[in-house]
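Some notes on the structure that comes next.
We call the chains A, B, C, D and E, going by the order they appear; numbering starts again at 1 in every chain.
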Amino acid sequence: MFAFIVRRLLTIPITILLVVFVTFIVLRVTGDPVQIYLDINATPEQTALLRERLHLDEPLIVQFGLFLWDVLRGDFGMSLQFATPALPVVLGRLGATIQLVSVALLFAFVFGVAGGIVAALRKDRLPDFLLSALAVAGQSMPSFWLGILLIQTFALDLKWLPTSGTGSWQHLILPAVTLATFLLPNFILITRTTVLETRSELFLTTARSKGASESSIMFRHLLPNAINPVLSFLGLQMGRLVGGSIITETIFAWPGIGSLMIRSIFQRDVPVVIAAVFIVSIAIVLANLLVDILQSLIDPRMRLD
Amino acid sequence: MKRKTSPRSGGLRGVLALSAVGLWGLSAGLAGAQTLNVGVQGLPDSLDTAVSSFAALNMALQTMDALVLRDDTGKTMPGLAESWEAVDPLTWRFNLRDGVTFHDGTPFTAEDVKFTLDYILAPDSVYGSKSRIGQIESTAVVDEHTVEITTTVPFPTLIIGLSDIPIEPKHYVEKVGREAMIAAPMGTGPFVFESWVPGDRYALTANPDYWQGAPKVEGVLFRQIPEASTRAASLIAGENQIIEEIPIDIIPQIEQSEDVSVQGVETTVGLLLTFDTRNPPYDDVRVRRALNMAVNKPLIFDRLLQGKGAVLKGQMLTSNTFGFNPDLEEIPQDLEAAKALLEEAGYADGFDTSITTRSGKYLSDVDIASAVAGMFRDVNVNAGVNIVEQGVFSKMVQARDMGPLHMVGWYSVGDADFATVWFTEDSGRAYWKNDEYEELFTKARSTVDEAERLAAYNRMMEIMHEEVPAIFLFGLPSIYGMSDSLTGFEPPSDKIMRLWNAEIAAD
Amino acid sequence: MKHSMFGKKLKMRLGGGIVIAVILMAIFAPLLAPHDPYDQDLMSRLIPPFWNAQGDWTYPLGTDNFGRDMLSRLIYGSRLSITVGVAAALLACTMGTILGMWAGYSGGYAETAIMRLADAQLAFPDILLAILIVAAVGGSALNLILVLGLSGWTVYARVMYNMTRSIRERPFVEAAVSHGARSAYIIRQHIFPQLIPVLTVVATLQVAQMILQETALSFLGLGLPPPTATWGNMLAEGRDRMWAAPWISNLSGVAIIILVWGINMLGNGLREHLDPNQRGRQ
Amino acid sequence: MAEPLVEIRNLAKHFPITKGIVRRRQVSEIRAVDGIDLTIHSGETLALVGESGCGKSTAGRLILGLLPPTDGAILHQGVDIAAMNPAQLRQMRSRFQMIFQDPFGSLNPRMTVRDLIAEPLKINGYGKAERLEKADALLEAVGLGSQHASRYPHEFSGGQRQRIGIARALALGPDLVVADEPVSALDVSVQAQVINLMQDLQQDLGLTYLFISHDLGIVHHIADRVAVMYLGRIVEVATKAALFASPAHPYTRALLDAIPVSRPDQRRPERALSGDLPDVASVVGGCRFAPRCPFATDRCRTEDPALRDLAAGHSVACHHAEALRADNSKPRI
Amino acid sequence: MALLNISGLTTVFETATGPVGAVDGASFTLEAGEVLGLVGESGSGKSVSAFSILRLINPPGKIIGGRVEFGGRDLLSLAPREMRAVRGKDISMIFQEPLSSLNPVQTIGAQVMEPLLIHTSIGKRKARDRALAMLYRVGIPDAESRFDVYPHQLSGGLRQRVMIALALVCEPKILIADEPTTALDVTIQAQILALLKDLQSELGMAILLITHDLGVIAEVADRVAVMYAGQIVESAPVQAIFDDTAHPYAAALINSIPDRTRQARRLIAVKGNIPDPRHLPPGCRFAPRCGFAQPSCVTTVQKLTAVDPTHATACMRVQAGELPRPIPTLTPELPHG
């Protein structure tokens, strides 16, 4: 297991380098940060000066090399818009995103798995149909639209929750629900499928033949065997989750990495975008590693080597 | 029900909220009873005064003052400088206000002015607003409260340019370093910097010793809410007392809500659709004029801008800008004449074209571009709307190819010089070229004689009116939403919020 | 089956019915639409739908920001929404299937390279890739299809890779080898046909995903440019008018939900129909 | 004795076990087949028996060229297929065919029976008309009518599917047919049908069978000669009669003893061989059977016995074979 | 009074086209301390019968009739809670596939302890001791250190031993063994069968041994019931089944075993295939394959009837004395080219 973890960690730099390189090139090729950054009234001399300072006059590959040097120095270079090293800017936003994503994940996971179990146990009956329909409806709901509808309903009409921003646990509810709705349906559907599949396993009959109660069968025997595909899916969805958080954070003025990233892309603030992509990629890779480790703990057959 | 506080501060919820806040370390959420909450579209990404954007300047001028201030209509007035005079065409003398102190109690002196200007004007400086005062040659401290500024050429826009330069405390910057200054800015302004969470909030407390008098609120909390509908919701829900940048179609939502209202003010931003006059068909002035005539500007103004702002009077300058030519009229819609002109130019069957625009850069920008494109169809011109993202637009600017027609809003901050420069060859931005225009521009820029300058700008407007290098659309409004409990705040024409007089009425 | 109230048949019928209805609507849009979807009339902008007191039967579902007929735009909008969704899913499917089969069948360096690439892309938020590419090359329908296709291939690659690897070990493949079959023949004759059911299901479900992705891109201003109507950009256009003209967002949102719901129903029904145990299990 | 159709010399197949953090290096290997010599004569049925994991299936696949051997030579009528490239090997394939254990898994569920049987012909470039004609003839030959030709595998019972598999194996007119546990997945009442069919076909077509099985009862019925494998090695080869009557290897004896009696009155006292089949990777020096062998001596634990001739046509890999064979009165293990 | 008395057991599977019978009125008894072999080919209903006894039939399967009397109660009418108290305590079961019948994510120790924790109130410590003792008893070498390993880490033979330990840890009166050795190699099969015999004599339990392998039956069973297409066609003491066979199917089954003592070029095969449970012949279900069938066999429903005090057959021709016992060997000609 240790070797597995080390090997997986060793592949991260390759992955990240690939991701960083692509991001860098696309950003540089598709926009001129100087034009965006400088005042509309900036003189050509000013423009030239800044361009030189940012090494924008060098060939792309040299720029990338210089950039990598900044990365190696540990700060990803100076952000244009923030006029500070890029990495701390991104790290400063990390907490908010982790809060949002983890609460949303927890919400989606708990309710999704519970819903999936209920749907599987009542397969082809009304609860299954309702849950499946709800799940599919949730899947079909564009999340920004849902976000706006939630604000209108719960903040403006009912006045139960604040519209946006941060500050208290109430502020977290609407964005977390919006983001969770993004994942919840899939958790329901996948849990339903794996529970149905696992339900026909012979070892459950063994447990029943021992005289185990149905609840013990569900929680001691069935779930530990059914949960791994759900976890696999979770790992695969981390990227989409970050994508979803971009929109959710924008709608709810949540000061996380998602909203920072989209804004920095539009500003062609390459250091910040790449620092963000870097952090996000590492988070995703680590989350997947965590999922693998978790799976191997749950299921000893998934030996990690 | 009127709310002046953060909405959920009472009872159990308050306790929960407080504990949650403590837990989450985002304590600025529950400010004091008299804190003014402001929802802005975007907070500046950096507090560095070198970053020039409305958002950055808006924040900077809350904690700092400039030598010259502007009022809500854009007129200059004395700031840290009590008065000024032109000693000769190249020399200005500023008499500084006495008894002004920085937030740490240190007196403000001429040294601070020289320090600030020298920093900006240093050859390697990329200070954002450098061009505003670029023609300054040197700054000299005459005495503790007098500063003399020498310019390389006669520099008529110096005063207005200085109004965008917040004065920094020399002793503080030298002591803590520029980075610390950027992290925790300090000045002589009405509010004292308290905290800043990038992308989220910017918190200020009142400066009781402010030279214009202590603010009437205990503090200001700016919150960044990029999504317009969310911003509007926060106003209606009573979380904010002021919100900026309200899209037109959200206005009804606010107007229908109780205790809040909308106010728009005309800015100095003139929205144009600029032709690429280098290539056919727009190298032909008849085509340009015809397309100008194809657009029913009052209709768009009425419908898509809800009558907020103004229709440009056949020129690029807004009526509140020095240099505006009152004799010119807007070019009216005349489809017959337009078709005739197109036929004359050989485009009776029309042609395909496209309008390049960014989305969300200007109020209703895409809507206006789409509406214009729709109207072109009436004269058989088939126009697509090419929405490009900010970064791509920047690349197009650099390559000097923004498509046959592109939408841009030029702002003048009240003086024609800042706007007209973009149609000169030196700007690197113009496609259209006119020798007389160039001459007049240079002339107006190098004299401090107001009448002479006005005449030159008026003539330049006439030339543009004839040559139509662009379709002159609208003087854009800036639309604010405000709580009815708020007094002492007027929507500013230059997006700089002046809040030291703002007051929130008690219930 | 008596004990099954809501089985796969109902799902497939319901889902399939919706999908077919929308496709027919897209095909016969010119016959169905009462107005030109691009014809703007600023004088009659933001007229509410007929059920509202201010409604006007000339525009049964109201008008949008430019006074264009919502009903006609919804009808026409289905064309691009479906085209983009289907074409992107097809592109992703073709790419992912070829790469996944290649990796799974040949193993070795191809396997390492392809699956590493898929892993790398996994660590890279899909929408970010889309943003970067649309920002770079602009938002035409073709580009949008390219973007969504390029970001969606990994799903197929993974599933096809795992399936190919397991099918490759099945005895009938060994049988074909023992008869002297070449790799190309085995892939064509024995492996690919086995993948088709799963492929159908994944592709169906991905069409729905793609339609939603297009909506998300429109929200970020990276969708198809106006005046083109897609349900996604109509929904995005309506978001600043949720109060003044909620029907713009709501109608297009409901249209998306119905279509995506139908596609998902169809896909889930197909999945249960084709094989309850066939899933891209790791 | 007839011509040798296939001669196998020192055939080995090792599967590597790799470990390592960055560069996977081979730490050990599974010696699935570890240096076997075997001759298959034309027209005979040679049974390869042993328990699961002994390497008998791997050996079968090596002989068919379905797996590349690690070492050794496989001479089909004097031509070494182990040295061939894939293209050359494809040319050879029609001469040796396989019948699979799993009659369902080895038939592509999406193909009709006619297509399945015609597939080898298609691959080898026969024309369509000829293919169909031959396929129908083969169907008849295995006892299925042409009315079955357009059905799919799932419409058939296990025994019928195995007939389809046999027909397909015969389509190219092979000399050698390797049958890998062809009846172990079938019901007993159907097993007999398939075995009978195989025997009839062998007689009619002059086939040579390599019959891989764990079921000594069936092997006793069908085989001419028997080779016993244990952990990648052949431990004993003999004619059926010799092997069943006087097994010379203790493992062979254990295997024979483990077969359940066929009548309750033949029940015997305790006679189970103790211990499990050891992990193939853990084999170290000495006789591989020694850890389970009741007769093992120190020599067995250190010296690996080679396969040697005990009598004409009877080879064994045991140091004590003579003693064991002579001592038939000794109580069984 | 038999320990377990099964009468008229009928189990069906609901399908899209209606219920399909799997077990059709099976009746048999299990006496204390005996090994009853239930033998039949795949699909004969022998496993379904076994699962039905413990009511372990999963939907869409359903027991629709019959009685399973144990200790004076009908197990089929017990409340779920009462039924659970029987399972694992009075009646245990082991299965064909030791790998899939063990929970892959639990240690074998935990799985062997579980019945004790369910059915007794001894603490975890004592349960562990007893589970460990049981693991040693079923012949798991070094069970102490293997207590916390997972099923996949054991060989097939050891897994089946774990399964046996788990089933017997509460010392039940009845063990139902469903094809316990089918998935194992012959040498291991012999070990497991020997172990079961040992444990039986030690614990005095009765075993219902389900198998398709007449060799296993010959090796360990005391009595035998032969099933075909959901019905019991013959039941008798083991010796009588082989020597005094009273049903053509049982005879065919016995004859199809390759016998080392007989040397024939052709095996004796049964023609045709096991019938599709959806399209069963109306009368004797074996009639279409039977070498002795008369036209009336195909249409007449046949009942299992005693022909001796200990011997019953469902063949009406045997009942009528029309066929000799044992049934002679017939060699039906197979279609073949």
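The rule we apply is simple: a contact is a pair of C-beta atoms (placed from the backbone, for glycine too) under 8 Å apart; a residue touches a chain by one contact, two chains touch by 3 or more.
Quick caveat: nothing in here was measured; it's all calculated off a predicted structure.
Asks: Could you tell me the least number of steps, going only between chains that touch, from chain B to chain E?
Replies: 2
Asks: Using C-alpha centres only, name the chain that sits farthest from chain D.
Replies: So the farthest one, by centre of C-alpha atoms, is B.
Asks: D-E or B-C: which has the larger count of contacting C-beta pairs?
Replies: Answer by contact count: D-E.
Asks: Between chain A and chain D, what's the gap in Å when you average each chain's C-alpha atoms?
Replies: 53
Asks: If you average the CA atoms of chain A and of chain C, how many Å lie between those two points?
Replies: 21
Asks: What are the residue numbers in chain A that touch two or more other chains?
Replies: Counting only residues that touch two or more other chains, chain A contributes 27, 30-31, 148, 152, 265-266.
Asks: Considering chain C alone, which of its residues make contact with at least two other chains?
Replies: 1, 3, 135-136, 239, 242
Asks: On chain E, where are the residues touching two or more other chains?
Replies: None at all.
Asks: For the complex, give me every residue of chain B touching chain A.
Replies: On the chain B side, the touching residues are 6-8, 13, 16-17, 20-21, 24, 26, 28-30, 42, 45-46, 48, 50-53, 124, 126, 128-132, 134, 179, 182, 197-201, 223-227, 229-231, 233-234, 236-237, 239, 389-392, 394-395, 397-398, 410-411, 418, 421, 426, 428.
Asks: With touch defined as at the start, can you tell me which chain E residues reach chain A in the complex?
Replies: 51, 54, 56, 58, 84-89, 92-93, 95, 97, 100-106, 111, 114-115, 118-119, 150, 152-153, 163, 166-167
Asks: Can you name the residues of chain A that touch chain B in the complex?
Replies: By the definition above, chain A touches chain B via 27, 30-44, 46, 49-50, 53, 79, 81-84, 89, 92-93, 96, 99, 148, 151-152, 155-156, 159, 162-171, 250-253, 255, 259-260, 263, 265-269.
Asks: Considering only the defined contacts, which chain D positions touch chain C in the complex?
Replies: Touching chain C: residues 61, 64, 66, 90-91, 93-94, 97-98, 100-102, 105-108, 110, 119-120, 123-124, 165, 168, 172 of chain D.
Asks: Given the complex with chain C, which residues does chain A contribute to the contact?
Replies: 11, 14-16, 18-19, 22-23, 26-27, 29-31, 124-126, 128-129, 132-133, 136-137, 139-145, 148, 152, 189, 193, 196-197, 229, 232, 236, 238-240, 242-244, 246-247, 261-262, 265-266, 277, 280-282, 284-285, 288
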